[in-house]
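Here it is, the structure in full.
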Amino acid sequence: MKRAPAVISTSVVLFGIWLSLTLSADSQEIALGVVVSLITAVATHGALTGDLSRLLKPRKCLATIEYVFFFLGQMIKANIDVFFRIFRPVIPIKPGIVKAKLTLKSERAKAIVANSITLTPGTITIDIIGDEIFVHWVFLPDGDVHIKTQSMVDSFAVRLENIFE
Amino acid sequence: MNISLLAAASIGTGVMMLVAAVAALVVKKLISAIIIVGFVSLSASVLFLLMDAPDVAITEASIGAAISTVIFLWGRGKIGGEE
Amino acid sequence: MSFISILAHGLTGLGALVLFASGLGVFRMPDVFNKMHAGTKATTLGSVLFLVGLGLFEPSWMPKLLLIVLFIVLTNPVSSHALARAAHNEPSEKPDNLIIDDLADSKGGGQ
Amino acid sequence: MTAETMFYWSLAVTALGLVLIGIWGVLTKKNILRIALAFTLADTGVNLILVWSGFLPGRSAPIVDSSVTSMVDPLPQALVLTSIVIGVAVAALFVVVGVLAARKSGSADVRRMKELRW
Amino acid sequence: MIRTIVGLIIVLALSAIVISSISDYSVPSQLLGAGRFYTERGVDDTGSVNLVTAVVVAYRGLDTLGEVVVLFCASTAVVLILTLIPIGANPTPPSSIVAFTAGVLPGAIVLFGIYIITHGHLSPGGGFPGGAVVASAFLLVMLGSNTIPGKSKFLASIESLAGLTFGLLGFWGMLTLGQFLNNLVLPAGSPGRILSAGIIPIISLAIGAKVASELSGIFASYRKAGGEE
Amino acid sequence: MSNTFLIIIFVLIGGGLFLSFLRLIIGRKATDRAVALDTTTLISTGFLVLVAFLQGRSLLLDVALVYSVLSFLGVLAIARYLDGGLK
């Protein structure tokens, strides 16, 4: 059973989702929830979360919490940025698509980086081809855009490397 | 108080829905029409919820949001060409 | 007025304001990628703030609202990314105001 | 005019308007898929009318719990519930037959489809 | 042009007829007839808290069986006609993020669909919307890959099993209580729990499985219909 | 929640909905409309939750939940179509 840790962590997460859906502590609800989340987790081979057991180590857990707070801070910054941009009479834009290297291996980490970049200031992920990530800037930074983009991508990638590797 | 807010919501949603329905029929590209019909289905779901019919709203949302859109997109892809 | 109540009012009002800003952004921005900037970031944070604020008014609703928030945060950037890729791949949809376009260069070089 | 009557009648006007727009689209449009879209619009409008016929403003949804005293009519809602799912199956059939006819006649224009002449 | 004008005239005439027929209609103040009966007796008769599900599955269960048959006919016709239409050549592959999401999220969506199906008698939902949600999870898998997920034989057997369950439960009611699809062959239980309301949860599961497998069957045959173009 | 505050929230959300709706109708390009549809569905999810809040019944939240999940699928399907992936 190579997939056992992934199936177990997925069924735990699915059971949490079930509890917040039903909002009740009735014994029948809980029994049905256990059965349904186990069946769904086995049928999907535990694809929802993958293996979560490494998060039990304190160091990785701290890294995850740090990433979440870093991400929330960036997201609020992004919204302040968008907010003050769109209320101007003339919207200041200087768009461009810039590529950067992405050294992460796992698909999950790549998807998380891409989604985080989409939700943070001034940037949207357009595509990932191989190990290159293409980022759209609403206002290109001054100086060498490639270096700036690379450092922006790395600020996420380094933090995720702590969690995933 | 609540009922006048709900009345305002139903009038606003209804107006948007009718405008969108006309737009779906007069807009040039078929793909745009399909996108706008997705919006009509969304407003229908809101109206069902305002009419105290959550079961119908949930069904309309689950059918109209994805499934019927995909059916029309598939047909558009098979026929090809513009109007 | 307790602290929780003030926080709930603040979050809900701020969330509604950000949602309004996202609508305005989608209306005003000139091309599709820039519309996406307003349509993704602002709706995500707006929904998060608004739903959490409403959850503070009714604490028993909080788990379900957090579930909606979780789904929105997970799915919204994905659909946005897929649309951005489609807009770049389709020649008739692609905006022409890009100053640098590495993606088109790398596609052109690859062929 | 009170808010309650405005609420009630605005829903009816929306539903009827949607049905009429759908019928207009079915009658005047030429692309077969556009006709299918107009058909689903009319379908949605009919569903809205049916639910509206059982709606009474100021009452709550027909799910019994301790706080509920009066409810709207559950019967039209039950009819519409099945009608929506049937509607999407019929729309799928419409689209598939339309695609087949368009491929046979070489165009999506209904005026060119000789099999559909009447 | 003539089409537009004639269409407008017909629509205006229709709207005049409709407006004149409802002009003396007033807002009703209370429920009458069947609606009143269902709201007053529904919970005691069926044990289902959600009265819409009570009407769909228990009071008008036979009609629902007929509607499921209509759905079956429509989807079979779609799948049959689809074998006449060739599939397109070389669709663009999805980006890695979309493919990853399509591999990850279906589990959660299926769980959500099962929640809607099994809580049909307690909260908004039931077999029809829940089945549509499960079919949407299948659709997500299809959008994120260029292969056909699942086996249609599996889908077909699920569908037949669901139909069989529906029919057999109906006949059970006929044998024991003398009425096709009588709800109370199982105890009504205490309203508000999962295992209550007689056969409503089981019928909901059957409807959900049937709707999900039929809609998924339509999507699956979009991908493998006919041969290459 | 006071009435004034409720009206302010209502006007803000309705205004955002209306502006993105205008972009959906005006459009110009199909992807513009798709982005507007994405925004509209998310704002309406907030609106559905607000309606459930006004009615005071947590059961109605299921509708918002279904809508937030499935509108994502609809937009994804449109994006895959425009990308050439639905042939």
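Every chain is named by a letter (A, B, C, D, E and F) in the order it is written, and numbering of its residues begins at 1.
Operating definition for what follows: a contact is a pair of C-beta atoms (placed from the backbone, for glycine too) under 8 Å apart; a residue touches a chain by one contact, two chains touch by 3 or more.
In this text, all values refer to a predicted model and were calculated from it rather than measured experimentally.
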item: Centroid-based (C-alpha) most distant chain relative to subunit A; value: D
item: Between the pairs B-D and B-F, the one where more C-beta pairs touch; value: B-D
item: Computed distance of Cα centres, subunit B from subunit A, in Å; value: 31
item: Whole-Å gap separating subunit B and subunit C, where each centre is the average of the chain's CA atoms; value: 21
item: Sequence positions of subunit F contacting 2 or more other chains; value: 17-18, 30, 34, 55, 58-60, 62-63, 65-66, 69-70, 73, 76-78, 80, 82-84, 86-87
item: Per-residue multi-chain contacts in subunit C, two or more chains; value: 21, 24, 36, 38, 40, 44, 46, 60, 64, 67, 74-75, 78, 80-82, 85, 89
item: Per-residue multi-chain contacts in subunit E, two or more chains; value: 50, 52, 85, 88, 92, 94-95, 97-98, 101, 105, 112, 116, 123-126, 128-129, 132-133, 136, 139, 215, 218
item: Residues of subunit A touching subunit E in the complex; value: 10, 14, 17-18, 21-22, 26, 28-29, 32, 36-37, 40-41, 43-44, 47-48, 107-108, 110-111, 114-115, 125, 127-128
item: Touching residues (chain side subunit F, partner subunit D) in the complex; value: 55-57, 59-60
item: Contact set on subunit E toward subunit A in their complex; value: 95-97, 100-101, 103-108, 110-112, 114-115, 118-119, 193-195
item: Interface residues, subunit B side, partner subunit F - complex; value: 1-2, 5-6, 8-9, 12, 16, 19-20, 23, 27, 29, 31-32, 34-36, 38-39, 42, 45-46, 49-50, 52, 54, 57-58, 61-62, 65-66, 69-70, 73-74, 76-77
item: Contact set on subunit C toward subunit A in their complex; value: 18, 21, 24-25, 28-31, 33-34, 36-38, 40-42, 44-46, 60, 63-64, 66-67, 73-74, 77-78, 80-81, 84-85, 88, 95, 97-104, 106
